[in-house]
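What follows is a pair of complexes built around subunit A, which joins subunit B in one and subunit C in the other.
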Partner chain A sequence: MKTSILGIFEEEDSLISALKKIRDKNIEITEVFTPYPIHEVFKIMKRKSKLQTAAFFYALYGLVVSYGYVYYTSVISYPLTYGGKPYHAIPSFIIICFVTTICSAIFFSVVTFFIRARLYPGKKPNIVDLRITDNAFVILINTQPEMTLSDIKTINSLLMKNGAVEVIEK
Partner chain B sequence: MYDANIRGTLIKGNKTYHQITEDICRPLETSPNYWWYIALFLSFGALSIGTWSLYMTFNEGLGTWGLNNTVSWGYSIINFVWWIGIGHAGTAFSIFLLILGQKWRTSINRAAEAMTVVAVFCAGIFPIIHMGRPNIAFFVFPYPNDRGPLWINFNSALTWDVAAIPTYLMASAMFFYIGMIPDLATVRDRTTSKVKKAIFGFFSFGWVGSSKDWLRFETLSWILAGLMAALVVSVHSIVAMDFASSILPGWHTTIFPPYFVVGAILSGFSMVLTIMIIIRKIYKLQDYITDSHINAICKILVFISLIMGMAYGTEIFVTWYSGNEYEMFTFFHNRITGDYNSAFWIMVTSNAIIPQLFWFKKIRGKLLIVFLISIIINIGMWFERYVIVVTSLSKDLLPSNWADYTPTNVEVGLFIGTLGFFVMCLLLFFKYLPMIAISEVKGVLKSSKIKN
Partner chain C sequence: MDKKYSVSPNLKYAAVILVFIGIATVSLGFYFTPEKTWANLLLNNYYFISIAIGATFFYAIQYITQSGWSAQFQRIPLAFGSYLPIAGILILFLFFGMNSIYHWSLPNAAVHDPLIAHKSPYLNIPFFFIRIIIFFSLWILMIRLLLRTSIKEDQVSGMKFFNKSEFYSKIYIFILAITFSLFTFDVIMSIDVHWFSTIFAVKNFISSFYHAIAIIILIVLLLNRYGYFTTFTKSHLHKFSKYLLILSFIWAYLWFMEYIVIWIAGIQEETIYFVARTQGKWKLFFFLNIIINWAIPFLVLLPAKTKQSKPVILFICILLIIGQWVDLYLQIMPGILGKSSIGLIEIGTFVGYAGLFTLVVAKALSKMPLIPKNHPYLNESINDHL
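Entry: the complex of A and B
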């Protein structure tokens, strides 16, 4: 039993118009694969990322930890006067804390990206069509058990009518 | 919104997506020209000179350098600042232009980022070897140790550098690599060689180009861009504070941080220009790196060069206006007319005067002249750091302290070594990695066609 339908497009515009029409017919689109990021696709697929919120908290974490650390070392653990400055020399601490805040936000955001996207070195790519990384825009629709043959045919013809150059059932 | 067509066509030749992949992957799939081997051979030669110098430095110590008690910072700090400056361009290019929504960056950002990573690495070598005992270089990091609870001095600008430079290296390397993952997947999916498929498969992290992945990828790019924009400015400001937080005449100025940041962008952009002209010519990528790209970089250089001229002028004016006799001596008798006047005038001519030639469209259109000017700017920027480091140190507040500085062969050898390393890494990058961001160029193809 074939479980998925791939609609292959060669142009961004035809992909977008096909996506809109399929969405209007209330057919569930499993995933869209493209050679480059397309904002319209994100909108249609209702994709949202919370990475920026996470990055804010990573930055906050970096700030608090680095300030706490610099405060602990310079004021509590070994107070030593440098150049007549107070132990708690806020202007000097700002720079270290600024840089470590950025460092923390960048490092943890990247780690989160890899974990959330489940990308890691040596991962076997589960790619539906090798042309995706070259010039193909692919709509993947997984067939549901309740779908009849005519439903599948409708999806096929819908894809073909809207500019797909090829429809593959897998 | 009014869309001013000032950039011209971004990608020439009415390309298809497949053609873009073919064109950019070609250098990876064909054997390089004879020039590539010659350049690699020369870079190995330079690297061997550097290795010999490094051996001399480690084996015999810093006595092999021309430093003395007065001029305690010489070639290595000049080179450190110069390389960091060059390392600013890649990030500045990718990030500022990404934030500003400039689509023309797509053909150039990859090579600029590669250049950044290598340049920052070259820069990082110098402070470590300057310590004289690189095996205990980790002392600069704060860690609980057996000297009691004694920590490093967080009030020192040199410690700020320790935080800033590794962060910058890490961030630029991550930005460069993550941006390249989709392109590595492209190479993985088109190669027929099993070995290449395995290698690119390993490094492309299983990328499949789904909308979920692309959204996260884009979001991460924006997060990194936003954070690194602040980082770029802060890193070179911190390098400037290594100088500005001292009390030496010529260093003790508030203008230093912005002046260094602008200088870094000037030298970095001119290095981008040099490399782009070479790539364009040798790999025949004129359709991607078009005349309008070169034109745009030249225009940016005119603008930055004007700021540099303004900074040079401001320094001199403030010196005169302050009436401080030590500052007056440093600027008027040491730099402008004294022992180091040739270095000073090379600096002013190369960084503030010669780039003004880019005002003329005819000059911007002549690649050879543009190429030469880009090299002149880089030489000028090296001299700027020479003027700053050596003139102020050699004649400080106490005349009995005064001493001259002449670099030794070992110091020059180290500089040549890093140049060799830089060229070697770039050559390997041209051969083994996609030198233009394939997916990003494809992303701007549609808007480029609309313009057509």
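Entry: the complex of A and C
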């Protein structure tokens, strides 16, 4: 039993025009693979990412924690005068806080991404077609049980007509 | 789309009135407070030169990076460049006010001051003006070449003139790197003649680039409101605001780099520069500078939604126009005047220069088609999407 249809495209423009036509026919697109992020694909698929917002709060967390840590070590726990500077020397804190803010934002964003995408070290990759790891744009449509053969055929021809170089049923 | 920009009479009258206000306040200022007036003239001269330089730098790097999205707006930064000949003439008038502005230019400044004596082969009045003339002639020459190539492209399509523009742009940014650095050293850093900072030129260059883009966006938004640039979309605005966001980081980064090194070393000759600027009323400007030029643009421009909102960007652009003034005020004035006081003279001079700048740029824009006709990336720019 074949469960999915893959449309393989070589051009960004033909991928987007095909996506729009498929969306207009109310056919559910399971996934789109592109070699680089395309804003329009997000729009057509109506997917929204909250990763940026999360990253902002991770950064804020990093800032607060690192500032607190530096403040604790150099003012409360072990006050030490160096170069005639006050204990609470803000300019010298900034560099540390700046770097840890970036580090925290990046690290936790990557962790969040891995959790959301259900990736973990040693996971067996589920690659629908080898070309998605290269330069191909791929539309993946999972066929529903209620779809008839003619439905699948129309999807097939829709993909073909809109510039797919190849359509594979799996 | 092929609408040609024409200067509306209202704008012309308004700008001319502003120029007259400027002339009036400057002449009154010479009568009452000549020293302050010279300082203000220097500030505003430098302000608009830096805007013109930053804008033409933007123009040049669009060619070098072969950016498609900005092709239809390229005439605006190019028009900014036509302010430079006038700025060059205006800055030569500083000759009469050298003694009020530059401590080193006093006839016997070098006698009791070994540092000034050491610097005098470079910092002396004739060589100072020779350098300024060399810088301006190089800039004006390069902008002429870029302008002529761009105008010629309107008649002939093809890649020939694009490649030519790209080539000139490469030479131009190379020239800018050297000449603009020396220009900031000469004109601004030499006010505090005992103090020097090697990052000063980079900081000021980025500052000029940053604020020039704010003014480019402001003009694009205003023209768009009056029916030009009909193909201007949110994605263009988004890309413009990205420039603002990224430059706000770099501005703050360079500002802080200068500050931290001086702060941590704590050498008296160097710290005196910041000590003077964090005392009395200057302290207000010191923090205002950071808030206007970094904190507000950075926090406001982070989300994608505000990057695409015209009112927000308009607000940020106007804020940054003030920001560049505050930045320069803090760099120039403490070395010349003892105390900070903002009066009519500051506002009047700025308004006068702004009127002149508007007049020159509007006239330059009206002389050529607002949208380049045969730019190879024009279609990409019009159909630009995120």
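Methods note: the second predicted complex is superposed on the first by the 161 of 170 C-alpha atoms of A that agree within 3 Å, B and C clash if a C-alpha of one lies under 4 Å from a C-alpha of the other, contacts with A are read in each partner's own complex, and residues count from 1 in each chain.
Just so it is clear, a residue touches a chain if its C-beta (ideal position, glycine included) is under 8 Å from a C-beta of that chain, and two chains touch if they have at least 3 such contacts.
Being a predicted model, the structure only gives us computed values, none of them experimental.
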Clash or fit (per the criteria above) of subunit B with subunit C on subunit A
clash
As a test of reading the superposition: which chain, subunit B or subunit C, is in touch with more residues of subunit A?
B
Under the stated touch criterion, which partner chain does A:Glu40 make contact with: subunit B (first), subunit C (second), both, or neither?
second
Please indicate which partner A:Ser92 is in contact with in the superposed arrangement: first for subunit B, second for subunit C, both, or neither.
both
Once chain A of both complexes is superposed, is A:Gly83 in touch with subunit B (first), subunit C (second), both, or neither?
both
Answer with first, second, both or neither: which of subunit B and subunit C does A:Pro125 touch in the superposed model?
first
On the A-aligned overlay, A:Lys25 touches which partner chain: subunit B = first, subunit C = second, or both, or neither?
neither
Just to be sure I read the superposition right, which of the two partners does A:Thr133 touch: subunit B = first, subunit C = second, or both, or neither?
first
Based on the superposition described at the top, state which of 55-63, 91-99, 217-225 or 253-261 belonging to subunit B clashes with subunit C.
253-261
Show me the subunit A residues, by the header's touch rule, that subunit B contacts in one structure and subunit C contacts in the other.
52, 83, 85, 92, 95
Considering the complex alone, what residue numbers of subunit C touch subunit A?
256, 259-260, 263-264, 266, 302-304, 385-386
If you look only at subunit A, which of its residues touch subunit B in the complex?
10, 12-13, 31-38, 41-42, 45, 47-49, 51-52, 55, 59, 69-70, 73-74, 77-78, 82-83, 85, 89, 92-93, 95-96, 98-100, 102-103, 105-107, 109-110, 113-114, 116-128, 130-135
Give the list of subunit A residues in touch with subunit C in this complex.
39-40, 52, 56, 83-85, 91-92, 94-95
Subunit B - residues contacting subunit A, complex
16-18, 21, 142, 148-151, 153-156, 159-160, 163-164, 167, 170-171, 174, 178, 181-182, 185-186, 188-190, 201-220, 222-224, 227-228, 230-231, 234, 238, 241, 439-440, 442-443, 446
